[in-house]
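Each structure below is given as structure tokens.
Shared between the two complexes below is subunit A, which has subunit B as its partner in the first and subunit C in the second.
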Partner chain A sequence: MLGRAYPRVVGGNREPSWIFFETILPLLSIAAYVFIYKAFLTDPSRAATVNALVGYVVIGGTMTAFWLNVLWSMASQLYWEKEVGNLQLYMMAPMSRMALLGGMAVGGMFMTSTRAIVTLVVGVYVFGIVLSVANPLLILAVFFVTLIALYGMGMMFASLYLLYGREAWNLSALMEEPIFLLSGFYFPVGALGRMVALGASIIPATLGLDALRQLMFSIGGAGAQFYIFSPEVELGILLISAVVFLFLAKGSLAYLENLAKKEGRLTTRHQ
Partner chain B sequence: MESNWTQPGLFLIYSIIKPVAGAFILVLMSFVALAVGTGSANLGDSALFAYLFIGNAFFIYVANVLFGCFQVIQSDREWYQTIRYVYMAPINYYVYIVGRAASKVLIATIATAVTIAFGVFALRIHLEMPLWQIPVFIVVMLVGLLCVVAIGLCLAGVSFLTAKHVHGLAEGIPGLFYLFCGVIFPLSVLPGWGQSVGRALPITYWLEAVRRLILPQSQLAGITTGLEGTDLAGIIGLLAVSTAFFFLLSILLFRWTEHLARKAGVIDMMTNY
Partner chain C sequence: MTNAAETRDLTRIFTRKRRHRLFKQKQVRENEEEDTGPVTALDRVNLTIKEGELFGLLGPNGAGKTTLIKVLCTLLLPTSGSAYVGGYDVSKDVFAIRKKISMVSGGETSGYGLLTTRENIWMFSQFYGMPSKLSKARIDDLMHTFGLWEKRNTKVRTLSTGERQKMNMIRGFVTDPEILFLDEPTLGLDVNASRMIRQYVLDWVRKGNHKTVLLTTHYMAEADMMCDRVAIIDQGRILALDTPANLKKMIRKESTVQLEVDSLKSTISLGNIKGVRNFTSKDDVERGTTSLSIIVDDEGAIADIMSSISAQGSRIRSMRKTEPTLEDVFISMVGKGFE
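== the complex of A and B ==
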């Protein structure tokens, strides 16, 4: 696990321009979405509301880094490894395949966290957001459990993507904007309607964002009518999601290995 | 080539879902802003919502074409590994990329049409264009698209020389346009220096001209766009001049970067990025 996490932690910082792009690019979309709320709410008496909504955007924009990392560096990873010829080496190596995926996840979480923290801090500073932190320990718990559930989902996708062959790239591309919409990355997800929001809760970012927003901008603040559950309930659901996704990741990996043994074409490229 | 990974029907759905989902994000953000800010969430009555919705719908062209132009060289070089054969063929490579960009324009046209149709029929956005303005609209679209393709060709030239920065630039450049060109909010909302940046970019004038041509004047009158001082003819003039500039720049930059790439022998380099 450590061996696979190492290149993500160390190698990820070898190209300084990537650090620039990974921290600054999210700020561009964050800034664009922030100005939407500022354009709609120009009345100075609405400053607290604007602060909360802008904060929602910054938190959501920060979370996009993790979702994109899950898509492009977790879900698509085994497919890329196959295309460049590394997958057979992984399969032959005397190690657990779950440890390989776990290493990718741990390394990805660490690398993305360093970028996301910069994005969050710069976003809070540039837009002058006033945070109203209610329960720091609960925030940390929600954040880390959300990440575990998200990366568990990514580990599951990594196996499934291999089955879809050359559609993997497009699958990841397809799961950007639609998931930003369904999970409420830039607005409180309850605005989609309670049933849709509940359905979207299968994506861990949905409940994670909802809980973090409640905890960082005081429960009952702007947009409170759009919250789904209390942060404690959302943490409980996220814990269950994390366990379920890790089991599903193990199951899908076992299924893929069995299929590979039967059909003998797991490492065949360009299919 | 854009759709070679799947069935045509699935590709069409795929091409539409992403931009429509992007438009829905704006719908929901506007809904929340109106609901929280004013207690009313009737999007159809909001001039500002129509303004941003139309800007975002036409920005689909910018995002698609710029990303597409960036991707042509990288995909031919790294994924399909066909660049050496295409490059050696007796064709003009600049024109070849224009052709690849044309397919992106076609796909973007479908996505934009679907997005606008959704806005008109589901969100009750009111469009209004007198008959005499239709030729003007067509001219504005052609000039605007030529400008977008020219910017895309400038960026395609850059991707001759780099592999590891392509994705960052392909997302960063449209991101800059999205922020500074008054796509989803009026230019006047930006700080002064941001407005100056926006006024230097042709996409700002293209979107402004499109909005003035298809949105009711009564709606636009209620929005401080930051470009009120310039009439429609002036906006189209600025768009034409900046398009001519970018068209010339695209030829010069493309030729120069192509020359550098040939000199360095990296036209068909494999980097695995």
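== the complex of A and C ==
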């Protein structure tokens, strides 16, 4: 696992250009939403609501980094590894296949965390957000379980993407924007209606964001009517999601490997 | 002494199914459907590779060499028959086999461009559970041997083809496998890099403790120089298997005549001459010549060959008789060269 995490942890930070592309640019889209909220809610009596909504956007923008990493670096990874010729070397190594995916996930989480933390800190500072954190341990638990569930989903997609070959890129593009909407990256997801929010809960980012927002901007504050469940319930569902996604990832990878050995093309370059 | 690898009636058929396509144009789909006949890549292959042997597999592109390696490396399942590596069944005991083997292919582009040469090799060693300290010490040692020490901290994406292949070779050796599969390892390399790699592989097998190499190549001289035994494979079938010397003895009673003549319009008549066993021809349009390599059972046929060439109005520019090579063995058996 350590071996496969290494390229992301070390290699990913070797080119300083990431600071611009992965921290400054995301702040621009966050700023757009922040200014919309500020422009529409100019009444000083609604300052708490504006603070909460701006906070929602910054947290959503922070989590965006993880979703993009899951989509483009985790789910598409096996396909990319195949194209550069790594996959068949991985497949013939005497290691657990889950360790391989786990290494990618841990490396991806670490690499993206550095970007996400910069976005969060700069966002909170630049937009003057006031956080009211009641239970930091629960926040950490929700954050990490959300990441495990999210990357578990990415691990599952990794094998499925390989089956679809080059069309994996289409799938990623297809999922990117709708998930931004359905998971409520820039607004409280309950605003879409309870049924839509419940349906979108299958994506770990939805519940994770909802729980983090509740925990960082006090339950019962602005936007409370839009919350889906309590943070504790959401943590429980996320835990179950994490286990289910990891289990499915293991199953789909075993299926993929078996199919590759039978068909002889899935792990081979340019096929 | 046990066998390093063994196959029994090993057959591998590719069905070339096209599935899992979501967004594909109808015309492309139809063209692919026309092209979905089964391909027999390995046809009842029986081989025994002894421990400590440098075994060569010689054949043209598409002969089945890489497929055989992939089956032995547990990357492909046999369609029928069986294959064993280190005494383990490739269909059942994959984990036990994977601990014993390693593979390096020519023209490999594996690894990550942002990592350094040393980091890349270390990363792969971790997949084999090597202790990091041992791995790093062995990498440094091999980097000195392969002349890559100066490039140890260079990012992989800036390496030349030769340097990259040396890095791949180090990756293959760093885990100290019992059996190493080399799939055209000197493909596209310059003379010096090829020679260096060949010598290292030879030393590794000769000095190692029961180390085995299965080398596939279509460079005849490479197989001739390096291998203890060579199997000639074409269209998935083993045509001959023996030491290079014995293979050449098989056609010693035959002679090989190399001719360079003015461009020939047709070479069909050469095949009909009594005493001609097989031949290959290659046109050089720029020079306006045709190079012929003709294997004759009876040297009396040479006069008829010259007459046949003259009858087309072509002039013989040079002619020489050569000792048989592995390529001649191949031409004698298959009726075509490797190019």
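Note that the second predicted complex is superposed on the first by the 267 of 271 C-alpha atoms of A that agree within 3 Å, B and C clash if a C-alpha of one lies under 4 Å from a C-alpha of the other, contacts with A are read in each partner's own complex, and residues count from 1 in each chain.
Here is the rule we use: a contact is a pair of C-beta atoms (placed from the backbone, for glycine too) under 8 Å apart; a residue touches a chain by one contact, two chains touch by 3 or more.
Here the structure is a predicted model, which is why all the values come from computation and not from measurement.
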_Going by the contact rule set out at the top, does A:V121 touch subunit B (first), subunit C (second), both, or neither?_
neither
*Name the contact category of A:F187: first (subunit B only), second (subunit C only), both, or neither.*
first
_Comparison of subunit B and subunit C by subunit A residues contacted_ = B
*Identify the partner contact of A:F40: answer first if only subunit B is touched, second if only subunit C is, both if each is, neither if none is.*
first
*Does subunit B (first) or subunit C (second) touch A:V10, or do both, or does neither?*
second
*Could you look at A:V84 and tell me whether it touches subunit B, subunit C, both or neither (first, second, both, neither)?*
both
_Touched partner set for A:N170, first subunit B, second subunit C, both or neither_ = both
_Applying the document's definition of touch, where does A:E263 land relative to subunit B and subunit C: first, second, both, or neither?_
second
_Going by the contact rule set out at the top, does A:M95 touch subunit B (first), subunit C (second), both, or neither?_
second
*Answer with first, second, both or neither: which of subunit B and subunit C does A:L53 touch in the superposed model?*
first
*Do subunit B and subunit C land on any of the same subunit A residues, and which?*
15, 84, 167, 170
*Residues of subunit B defined as touching subunit A within the complex*: 5-6, 14, 17-19, 21-22, 24-26, 28-37, 48, 52, 164-165, 167-168, 171-172, 175-176, 178-179, 183-186, 189-190, 272
*Can you check the complex and tell me which residues of subunit C touch subunit A?*
12, 14-15, 17, 20-23, 67, 70, 73-77, 95, 98-99, 101, 103, 105, 108-112, 114-115, 119, 122-129
*Which bits of subunit A are touching subunit C when the two form their complex?*
2-4, 6-7, 10-12, 14-15, 84-86, 88-95, 100, 163-165, 167, 170-171, 260-265, 267
*Which of the residues in subunit A come into contact with subunit B in the complex?*
15, 17-18, 20-21, 24-25, 28-29, 31-33, 35-41, 43, 46, 49, 53, 84, 166-167, 169-170, 173-174, 176-178, 180-181, 184-188, 191-192, 222-223, 225-226
